[in-house]
Amino acid sequence: MNSRAGSSRIRGLFEQSSMEQDMSDVKKVVLAYSGGLDTSVIVRWLQDTYNCEVVTFTADIGQGEEVEPARAKAEAMGVKEIYIDDLREEFVRDFVFPMFRANTVYEGEYLLGTSIARPLIAKRLIEIANETGAEAISHGATGKGNDQVRFELGAYALKPGIQVIAPWREWDLGSRESLMQYCAERDIPVDFANAKKKSPYSMDANLLHISYEGDLLEDPWAEPEEDMWRWSVSPEDAPDEVTYMELTFEKGDVVAIDGEAMSPATVLETLNKVGGANGIGRDDIVENRYVGMKSRGCYETPGGTILLKAHRAIESITLDREVTHMKDELMPRYAKLVYNGYWWSPERKMLQAAIDESQDVVNGTVKLRLYKGNVIVAGRKSADSLFDESIATFEDDAGAYDQKDAEGFIKLNALRMRIAANKGRDLL
Amino acid sequence: MNSRAGSSRIRGLFEQSSMEQDMSDVKKVVLAYSGGLDTSVIVRWLQDTYNCEVVTFTADIGQGEEVEPARAKAEAMGVKEIYIDDLREEFVRDFVFPMFRANTVYEGEYLLGTSIARPLIAKRLIEIANETGAEAISHGATGKGNDQVRFELGAYALKPGIQVIAPWREWDLGSRESLMQYCAERDIPVDFANAKKKSPYSMDANLLHISYEGDLLEDPWAEPEEDMWRWSVSPEDAPDEVTYMELTFEKGDVVAIDGEAMSPATVLETLNKVGGANGIGRDDIVENRYVGMKSRGCYETPGGTILLKAHRAIESITLDREVTHMKDELMPRYAKLVYNGYWWSPERKMLQAAIDESQDVVNGTVKLRLYKGNVIVAGRKSADSLFDESIATFEDDAGAYDQKDAEGFIKLNALRMRIAANKGRDLL
Amino acid sequence: MNSRAGSSRIRGLFEQSSMEQDMSDVKKVVLAYSGGLDTSVIVRWLQDTYNCEVVTFTADIGQGEEVEPARAKAEAMGVKEIYIDDLREEFVRDFVFPMFRANTVYEGEYLLGTSIARPLIAKRLIEIANETGAEAISHGATGKGNDQVRFELGAYALKPGIQVIAPWREWDLGSRESLMQYCAERDIPVDFANAKKKSPYSMDANLLHISYEGDLLEDPWAEPEEDMWRWSVSPEDAPDEVTYMELTFEKGDVVAIDGEAMSPATVLETLNKVGGANGIGRDDIVENRYVGMKSRGCYETPGGTILLKAHRAIESITLDREVTHMKDELMPRYAKLVYNGYWWSPERKMLQAAIDESQDVVNGTVKLRLYKGNVIVAGRKSADSLFDESIATFEDDAGAYDQKDAEGFIKLNALRMRIAANKGRDLL
Amino acid sequence: MNSRAGSSRIRGLFEQSSMEQDMSDVKKVVLAYSGGLDTSVIVRWLQDTYNCEVVTFTADIGQGEEVEPARAKAEAMGVKEIYIDDLREEFVRDFVFPMFRANTVYEGEYLLGTSIARPLIAKRLIEIANETGAEAISHGATGKGNDQVRFELGAYALKPGIQVIAPWREWDLGSRESLMQYCAERDIPVDFANAKKKSPYSMDANLLHISYEGDLLEDPWAEPEEDMWRWSVSPEDAPDEVTYMELTFEKGDVVAIDGEAMSPATVLETLNKVGGANGIGRDDIVENRYVGMKSRGCYETPGGTILLKAHRAIESITLDREVTHMKDELMPRYAKLVYNGYWWSPERKMLQAAIDESQDVVNGTVKLRLYKGNVIVAGRKSADSLFDESIATFEDDAGAYDQKDAEGFIKLNALRMRIAANKGRDLL
């Protein structure tokens, strides 16, 4: 019977879940490998601790660093199966754009730049585990953050029997010093000149954003230093001239900028470049992590900031009122799902079906005015526009709208409250 | 019996609702009177058409024009009962601030500046009707807009037997020319020098905002002309220097600016002044009216724009995560209630009870950086802060958080999806 | 330009909307014609008042009365174009079943039997108007009820230029006596022997339910008389023996009863018969109408009551938890859309997309125990079941679930509240 | 600084959270003690394992068993501080009734009988820990169920530094046999004659319900045996005569039955008695546990089933439509909070504020007809009724409602869809 069969498969997995069994059972593990210090240590630590083969997976999702150097580093540590993928188009097309169709913002501020990349990484880790016959995956996310949750929920949802090794939750290398010492003892090559590593901040970057956490930011009263920011100039340093830009939408996604058709990743790269140059997209917030604590984060999301404003603008003339309102009410919970790591869940798919259903008519062009941190809508037009001058006009509408209808509309909408007031209900 | 008695009272009201009866029955009507052309015409039109006494009510809600001149104009037309009220403090304290506790934004953009003033006007109209024994109220809102709905829903909810006379839905003075001719024929004094009247735009102003509709704005592709805006300089013309400002919150409301305690109206006036000087708070949108059409509107809400950003920031360190999310999910429907005119409704009161319950802990100070249209949070602190550096830190936390807990947290959150995947459910 | 062209089309329609123009402009009108007294009067009244040709449309949607007799009656009044359709399968397949996928209940009680039939009628009225070149549709719903709204919203949404003639809102035939007199004066044949017409109740029936309103029911303290009910025996009169029944679901819809495959309409007919015989499906409620007043209604929905219980039961073993909860949260607004007449709206379609997305896995069989008004779930099974005995068991699960995971799960879920309590927040 | 101080308090707690420290640090633990086998074993196990003093807490929450015998048992095991409380009134007044104000049902079926008792137990455990100076609490819930979550979330929320000992997650006494052997070895008195203990089901009871899980119920296709049920007769065995009953509500709570004023607990006891005698309140469901698996449960909730139906009925005539709908939309998430153990959370309090705000007007009397499992509303009346016969009537309403208003109401509600259809949008 199906149910029985399924049960025994799950049981099998859980039987191996104690640490002792893990260590002996794991013969191959796929690691999300950046090529940096932390994940290089993890390669060696996995080899030593689990006595297993490590498969490295390095992805270009637009973080702005070369991924190819990761190959030599992995080879130097004896890794035989090395995956290096350019996932930029898939990232924007299948993750960023669907999310922006919902005008997604977490807690009123955060554009989910880190969150939305994790399900793609999780998916590739599982695909590679399937291709290489690995029993486990591993990642370099800490035990305090959201990313461990996003990686692992995705992995479990896509391959329920996968084992997950999260070194930061297991080892005792809790500080940079102990990591460095580990490297020294094991001959792990460390690139001391690497600019990023010298940053005092914990950073994450992909085509949608770059983020900063830790160090001075741990005091929410402290203002970030100007030299922390990497992708954008400050509004003060941005050009004194306005930049105009036109975005063309099809079914809710941008397909052209200033009339030039572009692939999804090129769209976002272009928006990032122009946005960053105009001081657009910085955010500095305290957010609520899924694991329970508040956390200060600074983000640069130049392209996403432009995209959100433009998408709302094109929706404003093409979307039905009630659909707009329903999207607005559903958005916070969609954002929460993405933030908490439930991209690969049936409830996210269910919401996405509703959102995508709404976007067929979201076509047209938005004209923007970019200036020193401001994204200003300067115009919107669409063959699918529902804006009707002949009805909305303050001038004579030649009978397009019968003002007398309003009386009945108001009277019946008021009826329940009139009856209540008549019965003595007092709303003051 | 209560029910019967109530019924007969309602019946009585409806019996008088046909026009013929109205005209003979209405002996006194309270008019929301601005002193401008339109409502001056309405005074005379009501006197002529209904052969009734007109009571004028003119309120200072911060629209930035003198209200006292309305007295002489009303007297000149024979009005005997003239109400002129300064409602600025009540407006901000009892309407604007409660709304901002919910971080209220309609359709992702509009801060509801016009909407939130209407229930206050409706309430005063009814109070004055009760004091003067008037059977009816009247207003100068058109039959195409939201304001008629907001005035009348409020009036009906507070006094179910009130009659409402909406001249714009009744008369045939559909253009400015016919209004002018009406004035000329009836010796209604028209102030041709009045600056506001020369504007090609339909405008509305109060302490929260000034709005523009009509004329060139009826083409959503057209960018507004710079000289339309009245309350703010453009970001380009704003000072080249940053302005810092600190807002102190108590129970979700601002009580002091830069350490100086202020009344609600003074808070908003101050924010408007500083915000406007820094090019903050312009918005240009296409919104969905309750009466069914899309409408282009431009708004200046300098103080409100600052207030919203600051309120979210102080909530970010003081509010529980799930309360934050629940507020975010409820906000769009709260906004819809305010926009549609249901301030005086039991459902708005019900939502307000939940929102206000959440604000006891929203205390503290937010430091802002204002610069050429940007409102940037530069710091937040609170004795009620839930931000805990010792847990959030990337450094060693001395055991404040057990990273091992995360494994169980993830495993159980993933369980339902693992079981499903194990049974063959595919999420890709 | 598209926008202009569209505008002028709308303007045209509204120009004709005053009564005088209607009367001269309408050359042909499609009437939803039951063959009963009221709509027979309407045929003649339309012919007389509008001097237009009437097309009658009579549908079998399972109301339990012959529709063919309507032909002779229409012919007798000179109607030349007569439509008589059997819409039972379409009704259940495309309206009832999609609605039950959402477990739809209005205000906790009402299964929307009347509401769900209206959009189908509206659609056919418009289709027939298109086929016959009619400018208008007409119906026999009163001006106080929901049905006028449902008919007309549907008609306007599907054909924006359609004119709607609602005689009950226009004429002065407000009582049965005046209708009878009208018939007598115009030689309209009245079937005085018709049992239904003698009922003191306003009734509506289709394959999903029969409803009763008015007369004694207008006192919400009065219990309905036993002889009012037509489709079901009372629980007291139902058999003393239990009836077992098995329903088989595919993608959320019932496709077989007791192993026998059936069409949608046959499924519902069968459930009605068995349910009614067992005293199942009576409801007696006070509901809130869209037009603003409360209304007492009694309903018999035998098949629907069984269907709802069974659908929830099959979902209970096949649906993901979070999908279940999201459906539960969305359901009330889906119900409200159907009740208020927004079936033919983009927001209903958007919600339906989400609901239907969830139903692919809702397959399997539910065993029911029917007894004197009770629908008791006696078993559920499915090849898509997510129920896993090996994990849920109270017995030894051989390691299928690691109870230690629960500690981390609880600790992290509690973290935000522990931090808050530690800061002095008091929840008591 | 406040923030630092708070942090150090939390840190202190977490420092003690490893098992080694627990065992030495815990000097006193408060145990939720039923007097039954499992918790008797836990008393001894805590004494042995932690070498600590055990305080027992036994509550009468209406489970239908004597609580006083627990005293002698506890004394026999050397317990010095013994708390035995009658919490029935507090349970119904402060937990059951507030929950029923929301018409709370989990997943369409479950009345949350077990869930709602846990926060009260958690609260008393913490109060007793404070009184006795205990560092820890303990309970007998397993690591697979929801109750551990409910106990512990409550405890952590009310006293963030409390330690929790959950023996079922720690020990290896996974079967009844090993428990019995443990008793035999340690001279723990076992009452072999205790009827409840002989049941093959895992049961839980309080004034709101009794539940059954496990054994035969682990197959969702299996129907429960008749002799499992303890509180109700089957519908078949219930009296052949109808029982009428009148419930009087004040602010949403029942205060009298058949005109006799009663305390909250007496109300529920009475409803349970009458309901159980009439075969009312059995439910048999598969529910989704918070810890991730589906679980079969059977419940008897006779009084709650009656209460829910009656509360909806009194709301149907006293509550505003939009308030009703908002409550319906919020209910599923309120139910989820209670089910998942978040009673003592700020988000539950926020929702409760909204719900309670709505209940001031929920006054009046509901007449019920109870018969063989059926709860039938036979009448509702209230001085706060909003039902208005004069408007709802199908008879001539003497002008109480102007049917012409409906046209404008429909036209404006349809406007957005007409414009869209006119622009070519197709909803079919």
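For clarity, chains are labelled A, B, C and D in written order, and residue numbers in each chain start from 1.
Assume contacts are C-beta pairs under 8 Å (C-beta built on N, C-alpha and C of every residue); 3 or more make two chains touch, one makes a residue touch a chain.
Remember, predicted model here, so these are calculated numbers, not experimental data.
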item: Same-residue or different-residue interface between chain A and chain C, half as cut-off; value: same
item: Chain pair with more C-beta contacts, B-C versus B-D; value: B-D
item: Option reproducing the contacts of A-B, where over half of them reappear, out of C-D, A-C or A-D; value: C-D
item: Centre distance in Å when chain B and chain C are each reduced to the mean of their C-alpha atoms; value: 38
item: Interface hub residues of chain B, defined as touching at least two other chains; value: 2-3, 6, 10, 288, 291-293, 320-322, 333, 345-346, 349, 385-389, 391, 397, 401-402, 404-407, 409, 411-417, 419-420, 423, 425
item: Residue ranges of chain B touching chain C (in the complex, touch as defined); value: 320-322, 361, 384-386, 388, 391, 401-402, 404-409, 411-413, 415-417, 419-420, 423, 425
item: Partner chain D, residues of chain B touching it in the complex; value: 2-3, 6-8, 10-11, 14-15, 17, 288, 291-293, 320, 322-323, 326, 333, 342, 345-347, 349-351, 353-354, 356-358, 383, 385, 387-391, 397-402, 412-416, 419
item: Interfacial residue positions of chain C with respect to chain D in the complex; value: 2-3, 6, 9-10, 103, 107-109, 123, 142-144, 148-149, 152-153, 156-161, 166, 168-169, 174-175, 202, 213-215, 218-223, 235-236, 240, 242, 282, 284-288, 291-296, 312-313, 316-317, 321, 324-325, 328-329, 332-333, 336, 344-346, 349, 367, 369, 371-374, 376-381, 385-389, 391-397, 401, 403-407, 409-411, 413-414, 417-425, 427-428
